[in-house]
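Working notes, structure below.
In order of appearance the chains are A, B, C and D, and numbering begins at 1 in each one.
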Amino acid sequence: MSLPLEYYLVLSALLFTIGVIGVLIRRNAIIIFMCIELMLNAANLAFVAISRHLGQAEGQLFVIFVMAVAAAEVAIGLAIIVSVFKHRETINVDEINSLKG
Amino acid sequence: MSKELIIILLISPLVGFLINGLFSKWLKGNEKLSGTIGALAVFISLICSIIAFVTINIDSNATLEGDDGFVYKWIAGGKFSVDIGFHVDALTTVMLLVITGVGFLIHVYSIGYMHGDEGYTRYFAYLNLFVFAMLILVLGNNYLMMFVGWEGVGLCSYLLIGFWYEKQSATDAGKKAFIVNRIGDFGFLLGMFTLFAAFESLDFVTIFDKAETGTSAINVVFGETTKVTLMVATLLLFVGAVGKSAQLPLYVWLPDAMEGPTPVSALIHAATMVTAGVYMIARSAVLYNLAGTGVVVAWIGVLTALFAAIIALKQNDIKRILAYSTVSQLGYMFVGVGIGAYASGIFHLVTHAFFKGLMFLTAGSVMHAMANELDIRKMGGLRKKLPITHATFLVGALAIAGAPLLSGFWSKDEILHSAWGSSKIIYIIGLATAFLTAFYMFRLIFVTFYGKSRVEPEVDSHVHESPAVMWLPLVILAVPAALIGLLLGVGGHDSWFHHFTEDVFPKADKAPGSVLLFMAISSIVGIAGIAFAWTRYKDRAPAAEPTNALQKKDFSWLVANKFYVDEIYNTFIVQPIKNASHFLLWKLFDVGIIDGIVNGVAALIRVIGGLFRRLQTGVVQAYILSMVIGIVLFLAYYLFFVN
Amino acid sequence: MNPELIVFIIFGTVSIIGAIAVISFRHPIYSALSLIVTFFSQAGLFVLLGAHFVAAVQVIVYAGAIMVLFLFVIMLLNLGTLSAKGALTGKLKGVAIILGILLAVEGVYIAVRALKNDTAVASDAAKEAAAALANKPIETYDIGRLLFSDYLLPFEVTSLILLAALIGVIVLVKRDKQPEN
Amino acid sequence: MEINILEQIVIPIIKVLFIAHLLVIGVMVMIWSERRVSGWIQDRLGPNRVGPQGLLQPIADGIKFLFKEDLIPNHVDKPLYVLAPAMLLIPAMLTIAVVPFGDAITIGELEISLQIADINIGILYILAITSLGVYGVVIGAWASNNKYSLLGGLRSSAQMISYELTLGLGIIGVLMLSGSLSLRTIAGEGQAIAGEGQGSYPWEWNFLIHFPAFLAFTTAMFAETNRLPFDLAEAEQELVAGYHTEYSSMKFAIFFMAEYMNMIVGSAVVVTLFLGGWQFFGLETMGGPIWSGVISFAIFFIKTGIFLFVFIWVRWTLPRFRYDQLMNFGWKFLLPVALTSIVVTGTLYIATKGNLVWIGIGNTVAAFIVVSIVAGILALDNNSKAAAQDTSAAPLRQETLTIEAIE
């Protein structure tokens, strides 16, 4: 009755890849950030699918941990973006390159 | 006895230390609170100690040994396994009472003594930490825990000697104490290693059992004979004791340690820490008995006693006299434990803790009154202005001099009596030392408290008795200092104290001869010393520094300069090491080789870094791109080459 | 046709379209909205997988909190679309997409193959056991139980992470104290 | 899989249609009663011309809205501008799906549960959907491309995020005691495992046991609906009309409807969680298998109505908060109260072995203590601030920040 695990894993892999591509091709820091969230979500999907496959609740548990960490990360990340914007008037990652060697 | 009791006992000073140490910023403005916290912490320990003591007193089987005392598996690796655990028996409880009892009184005394000091909270934090470390030392059920405490008290001693760190002499003294102690600790460590090599354990109970049954592991170092191994081990441990308890030849740090605050001298450098060596030997009594190395201990002890007593004769610094006296009395204790009269040695430790602690505190009281004057030649006639201080000091001096029925009389006499049975020469030297002790102590008293006042006029007007928070501990401490011998020691080898500790120590042979006779001899010698001091220093100050060359050659001049031991050490040990360090280690090895290698590596890395610098574009996505390439390659590898 | 499959295809398609929209829209606010759509369809997938609790948390945390924060910041900074001048990313676009496709292919392949190995190796008894397990529904109760027993420490650590984030954010965006008079 | 057409398709559809229409009609009644009640409170008449007692006024309004020109300004972001009202309305309507309106009606074999869907994470569903309401406001505000709208949207999003926390945390105490996330279980007898549901009598309801949480939750509910005293997002004197400044005709009406729907749903949720749901002195069981369901529905209806009256009453009684007061209130008072409720309920449940009286007393006392402490700290802080710097600058800071950033 239930769908095979592969379906979900493939979907997860595709979403993850879209996230990776987004991180690589976008210049807007906020969108890059969203893409990271997308990747985390793809991982979450895999977690839940495998959790169902194995019949263990741990997978869902880790999803909750991931969400907590993601929330923390977003808060910090957006704060950094806001303060970067205050100083440099831009959030274009191409222009934020003072760490150039 | 419950483990919880012991844990509370142990943790309480630690909590005090943490509060005073961590919240010093907030406590700084509130001396009362800070001091109360410090004293309270020790008071809790004292209560616990009393409970533990009473428990053992009622039921001598209520000890905490072996697996009973187990708390926590600390280290476990291969054969090496050490627990954190407690060993509580009669000996421990006696030590606990001394540490927390004297410690508590000294904490209370310090509340007054340290009043207005810049580092008030820091002081109490250190003091609590010291009590904690000392408790670990006596409570541990293995040599490693003892060593932890051993090092802990060493650290606190260092911190407290150098407490007034803006004073050069204080920091120097602290460093000296620390370095000299390291030599001893090195011996202790080696002793521990030897014991572990022989018995594959550091637990007291395990080691003692194995040593007694002769079932040591095959010993590669010292052949098959357990006895040789034990001799080596016990002698090495004794080196540790020599360092910690300031015996010949490592005693030099103790007189200098008087740079610390006086209560510290009383607690650490008279009552507790310096007796750790004695405790250690008493704890290892089984090993010393089997190894037969007690003779060495006794001889070192008696020589130290004599040597220090001689030096004390010509000192003019009130605290230094007491310091040398401490060294000398510690010598007695070593004589006691060395000749196998462990109970007598520990008994002397107890009485000494009380009367010497008392005397240091009174000396502190004198200093307090005299605006930190230490030179007894600038005192005199203080009896009238400081009646309580005088009275309590007199009690202490009488006790140490062996005046009949006071505590020192009982304990010292026991040791001497036992010594007679072991070696007549030791006995005679000990007796001579007893005479000297009485003499220099009363020289101190007469010069300080009697005769005409030589106090400098501007100081004279301020001389006053200390506040109650200081003299009350003195009075309280004077009572046991005077009477504890009477309570515990009447009856020589059948005394209450001997019965109390009989389970702990191996049975000693009863010394021959009549107890009363020995007592009489000791009393006569002590009183003779006092009388001799009376005739010489009744109303005259010690001579000023010798000035002309002719005077410089006699023996007293040698004594006054402490036999030049510090100078000899300086010339023959310290300077060569310093030179070697400077030229060989620093100039050649450090600067030449190590720095060369380090700088070379750094230069190399800089060149390589210059090459890689170009990769650092500062654009985040470039980094991510390389990461993704890495992931893709890695996955490709996984897909094609794994399985 | 299996109704579950239909639902899966709907949600899966929506989430992929949403994800592509995230990286395609020029304006961040549209990206954010697309991301919300993706999150929603993911929540739907979670429900399909029987993970109701996670689905609810997904909506509460991601859609309800995180994305609102995103929107808030986008609006606060009032960002328009960025100019394309001198962009490294422009040059990278082709490389990135090729890499992405490679990654996707590899990911899919690994997912499929790992499972094949898994089922190939397992014995019949193990398979039956796994099948029995797989049909056991996972209740919120189970998650709660695990969270407060076996995973208590990680749970507490998570709370610390959140606290640290809280403090960090305050420090980051705190404005300097005005000079005292 | 066999599908019972009657049970699984027909009845749910009827229920959905019934409830949805009830909601819309409810909105109309609310609009009428809001105006009448406000008139009564302000000692004037309110609408009384269209129909008896002005009852048909909302219909007239609706017709007016429908026939007005549907104006879309040129400067707006069109797709989002159109989407925004729907994004607000849909969550408002969705929420009602899990609220139980009453006990079941039993007709022969057929048992009709008076609830659209009894899902086992009902309360989480409500929180999740409620949290989506903010998008309508924010998107509408942003799409309007108007400074006032944007400020309104910003304020609204910050406010909703802040108060959502209280909303979520305030009910944890209730959940702990009932041991279930299903609203039907919470309203009724409670879960079998750790079940402490609400009985039929008022003193068995959760609002007594969790009094501080009840107040915090209700207050947060007010804030979530963006009504006075929390209507910072559309404060007329400052922002014209806030996020819906640029909206007119039916789109505006939809915003309006959504607000009232949120109120109705919020009241229903409060009644379910804290006021015993459809139960009242055992009345709900007196009607036999068919009528008891109807009676319970009536009880629920009346309770919700009374609570809605409170909504209106509060709106026309209290003045608006200042922005910093709003944030202070949410973060420094409501949130601690909600957190205290969790801690105290959990602790006392273990300590008193589930004695509800003690939990109730403990909750109230603890909340009182916490509020006093916070108030004390704030008072001290304010004193020192007042001494240190010019106080008049403080309340303006937030606005200046946002305006600077936008410009």
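Heads up, the rule we're going with is that contacts are C-beta pairs under 8 Å (C-beta built on N, C-alpha and C of every residue); 3 or more make two chains touch, one makes a residue touch a chain.
Because the structure is a prediction, the values reported are computed rather than measured.
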Could you find the chain whose CA centre sits the greatest distance from that of chain B?
D
Note: chain C sits from chain B at a C-alpha centroid distance in Å of 64
Chain A and chain B have mean C-alpha positions lying a whole-number Å distance apart equal to 62
Chain B-chain D separation of Cα centroids, rounded to whole Å:
72
Return the distance between the CA-based centres of chain A and chain D, expressed in whole Å.
32
Can you pull out the residues of chain C that are in contact with at least two other chains?
53, 57, 65, 69, 76-77, 88-89, 92, 96, 99-100, 103, 107, 110
Per-residue overlap in chain A, given as positions that touch at least 2 other chains:
20, 24, 94
Contacts with two or more other chains, residues of chain D listed in rising order:
none
Contacting chain pairs - touch in the sense defined above
A-B, A-C, B-C, C-D
Help me check something: in the complex, which residues belonging to chain A touch chain C?
1-3, 5-22, 24-28, 30-31, 33-35, 37-38, 41, 44-45, 48-49, 51-58, 60-61, 63-65, 67-76, 78-83, 85, 90-92, 94
Which residues, counting only chain A, touch chain B once they are in their complex?
20, 23-24, 32, 93-94, 96-101
In their shared complex, chain C is touched by residues of chain B numbered 617, 619, 621-622, 625, 628-629, 631-632, 635-636, 638-639, 643
Residues of chain C that touch chain A when the two form their complex:
2, 4-5, 8, 12, 15-16, 19-20, 22-23, 28, 31-32, 35, 38-39, 42, 45-46, 48-51, 53-54, 57-58, 61-62, 65-66, 69-70, 73-74, 76-77, 79, 82, 84, 86-89, 92-93, 96-97, 99-101, 103-104, 107-108, 110-112, 115, 130, 132-136, 138, 142-143, 145-147, 151, 154-155, 158, 161-162, 164-166, 168-169, 172-173
Touching residues on chain D, where the partner in the complex is chain C
80, 119-121, 124-125, 127-129, 131-132, 134-135, 138-139, 141-142, 150, 153-154, 157-158, 160-161, 164, 168, 181, 193, 388-389, 402, 405-406
